[in-house]
Amino acid sequence: MNAKEIIARRVALDVRDGMLVNLGIGLPSLVANYLPDDVDVFFQAENGVIGLGARPPEGMEDPDLTDAGGGFVTAVPGAASIDSAMSFGLIRGGHLDMTVLGGLQVDARGYLANWMVPGKMVPGMGGAMDLVAGARKVVVSMVHTAKGEPKILPECTLPLTATRRVSLIVTEMAVIEPTDDGLVLREVGPGVSVEDVRAATAAELHIVGDVPEMRLT
Amino acid sequence: MNAKEIIARRVALDVRDGMLVNLGIGLPSLVANYLPDDVDVFFQAENGVIGLGARPPEGMEDPDLTDAGGGFVTAVPGAASIDSAMSFGLIRGGHLDMTVLGGLQVDARGYLANWMVPGKMVPGMGGAMDLVAGARKVVVSMVHTAKGEPKILPECTLPLTATRRVSLIVTEMAVIEPTDDGLVLREVGPGVSVEDVRAATAAELHIVGDVPEMRLT
Amino acid sequence: MKTAKKPRELAEMVPEGAVLLIGGFMAVGTPERMIDALVERGVGGFTVVANDTAMPGHGIGKLVTAGLISRAIVSHIGLNPETQAKMIAGEIDVELVPQGTLVERIRAGGVGLGGVLTATGLGTPVADGKPVVEVDGKSFLLEKPIRGDFALIRCKHADYKGNLDYALTAHNFNPIMAMAADTVIAEPQEIVPIGAIPPDAVKTPGILVDHLLSRGN
Amino acid sequence: MKTAKKPRELAEMVPEGAVLLIGGFMAVGTPERMIDALVERGVGGFTVVANDTAMPGHGIGKLVTAGLISRAIVSHIGLNPETQAKMIAGEIDVELVPQGTLVERIRAGGVGLGGVLTATGLGTPVADGKPVVEVDGKSFLLEKPIRGDFALIRCKHADYKGNLDYALTAHNFNPIMAMAADTVIAEPQEIVPIGAIPPDAVKTPGILVDHLLSRGN
């Protein structure tokens, strides 16, 4: 099982029945593939649909129905179209139960940086800042290191996405919860030791009792 | 012709083709009766309809379609339902071309008081403050005096509705325009002299040249 | 899938002293059966946020008569002499808010904004004690967000997912209030199958709605 | 009754240096024929306010390629390398705004509010130089309203009165932008008779719309 699948499977376990969930483009979008059948959730795409469905069958694409990455999608029964003011009203107003976002860096305060690398990559923040500021639960899903370098740092060196603490960091090596006391290591990845995680993490990790291996189903 | 009809007829002459117009309850609502046939306007009721029509035929009332006074109305072809946020968004955002409101007092600054008499009548401002603050053209339509006492004063003694200068005051005796230089008497009522108007007005009136008698058709 | 609950069951969820956002404009678009259930239960001390207190015997007027309201945040009480009498007697604390400001304050509460900057009310008693913020040389009142413990919503249709639509001038405050309360109770005129309200016709997405009022009592 | 005008006629109304609000999200819900007409005309120096600059060859991307944009106020440019290159070369001045803040700033411009108070962007580069306002002990950024000289709107249907509706995720910024410009030009997929869009289905009332793009070129 590759890193991305581990991450997506683990995040999927935190999705509860009845939630409204936003999945970011890329890795986060994989989470939808691993939801248990008995979990009934609405996926939201910030460009304006509640009740996002899978890719449509060939030839049935509607140019007026895409996800936030611009890809063709379907709408599930009971879906609703909304404009951008309503979409971000729901996000900012705390009506979005969970957002799953990619990350470039997360720090000991639980602050996320995921929208620019000065002088190198300035795509813009899109909806990321509103999502991190407003969603009830913010899950950062990312591979643990970038070219061997830690992405979980004492303090982000990249511009922050928000100064709100994220709820959970899920990587292929660990599940980490930012708390008032700093980052707490809640679970380790399959076959990964606590020491492995420490070695790949630049921020201090707090360990409370035994750290279980993450479940993936 | 009674005072109210004179006022309504005179205000109706200022309604132009294509305008979006809000008529207050009572005297202002009479304006709709005197519009020339060739003027195509949309009436708006702040409770949520653009394209307000006349009272429905007996038995065809819809409890979900009323004007801002709670009376049954119809909707004209091309009407739109809007919620209160949109309704007042249009008013506050300058999309309403003209509002016609009743008045208790107007003063030399062109400030209107029309929503309460302390200790006596506290109905609440409803939409009046937003209408006066936001409409492009604010026309105050009222009888010139109350029980013989002037209603056009040097300064309002009642709580103001807004500190925005109204566009025009129309009474059965006069058409008065508040300007940077004070109140300018633009027209006199049928059979009314400039001196009659001055005698019934407590605020100073400026006269520029000959003051014509108001047209009523 | 939402469940539909009987009026009595829903009324019992509402504790003494709760803050209730109640839709409607002079009882048009007001959830009358929910109000009847609250009156029958007799628990009160409510803070009611609404456009107005309607008329005795109608909508919110029934809560006034039953003595269940201790505070009212409204734009208008002019058509309900009982509200005025109780206000003068000190039985109901009335805060009068301009209608456009009121709906925008509720929207701000629902969409996670810190307040509303409006010119409406400047220079009037509405401005007393409120901060004035300058933006590009213009002055605006800073009005605070409003949220409720419960929103009582009247709608035309609800589907089994809780998606709502509204009819004509019965929209008014309903779609806005549906965003701004911890628990949202909708009283539909009809409950229809999923899909009967197409995505583009949904005005309140079902994820905002907690409970539907059942057809029967 | 509105008149429908040819793309060339409408493009000629747009002067050099105009501020254009352009609907769409990665070119979904973007008025492509209006953009083609602007490219063909070749007058530029525009400030474009939009969610993003799409991709080369699509929507706003065509304005970028043609060199008609001198300033862009957008939430995302990540999918258009030409925008990034022109930004680095100093040919386009790019202001990046969080998506929820951007749409709310445009709404504020349209509905006459003095600004937007949002927690989004606090503690990030977005906050640089902006006032922070405290409300009940919480901090919010004060973001200014945005208005355009023109709004270019894509819709599903328009009727002869200019009432508009939208489809699925092609709503996005369009209904909000239709409130916030001096001149509003709508590009409908279909023009339909009055009444074909029922009052409850109208999302942009015709009184907001100045011009419809004709069916043919």
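Going by the order they are written in, the chains are A, B, C and D; count residues from 1 in each one.
Throughout what follows, a contact is a pair of C-beta atoms (placed from the backbone, for glycine too) under 8 Å apart; a residue touches a chain by one contact, two chains touch by 3 or more.
It should be emphasised that the depicted structure is a prediction, and the values quoted were computed from it without experimental measurement.
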Fewest touching-chain hops separating chain C from chain D: 1
More contacting C-beta pairs: B-D or A-D? The answer is A-D
Chain at maximum distance from chain A, centres defined as averaged CA atoms: B
Where chain B and chain D are represented by their mean Cα positions, the distance between them in whole Å: 35
Between chain A and chain B, what's the gap in Å when you average each chain's C-alpha atoms? 55
For chain B and chain C, let me know how many angstrom lie between their CA-based centres, rounded off. 29
For chain A, residues that touch 2 or more chains besides their own: 49, 75, 81-82, 85, 88-89, 91-92, 134
Residue list for chain C, restricted to those that touch at least two other chains: 104, 107, 111-113, 118-119, 156, 166-168, 199-200
Line, ring, star, complete or other: which one describes how these chains touch? other
Pairs of chains in contact here are A-C, A-D, B-C, B-D, C-D
Contact residues on chain D for chain B in the complex? 107, 109-113, 159-161, 163, 179-180, 194-195, 199-200, 202, 205-208
Enumerate the contact residues on chain C facing chain D in the complex. 104, 108, 111-119, 133, 135-136, 138, 140, 142, 144-145, 156, 165-168, 199-201
Could you please specify the touching residues of chain C with respect to chain B in the complex? 25-29, 51-52, 55, 74-79, 84, 87, 96, 98-101, 103-104, 107, 118-126, 156, 166-176, 203
Contacting residues of chain B [partner chain C, same complex]: 45-49, 62-70, 75, 81-85, 87-89, 91-92, 111, 122-130, 133-134, 159-164
Mind listing the chain A positions that touch chain C in their complex? 20, 42, 49-51, 75, 77-82, 85, 88-95, 134
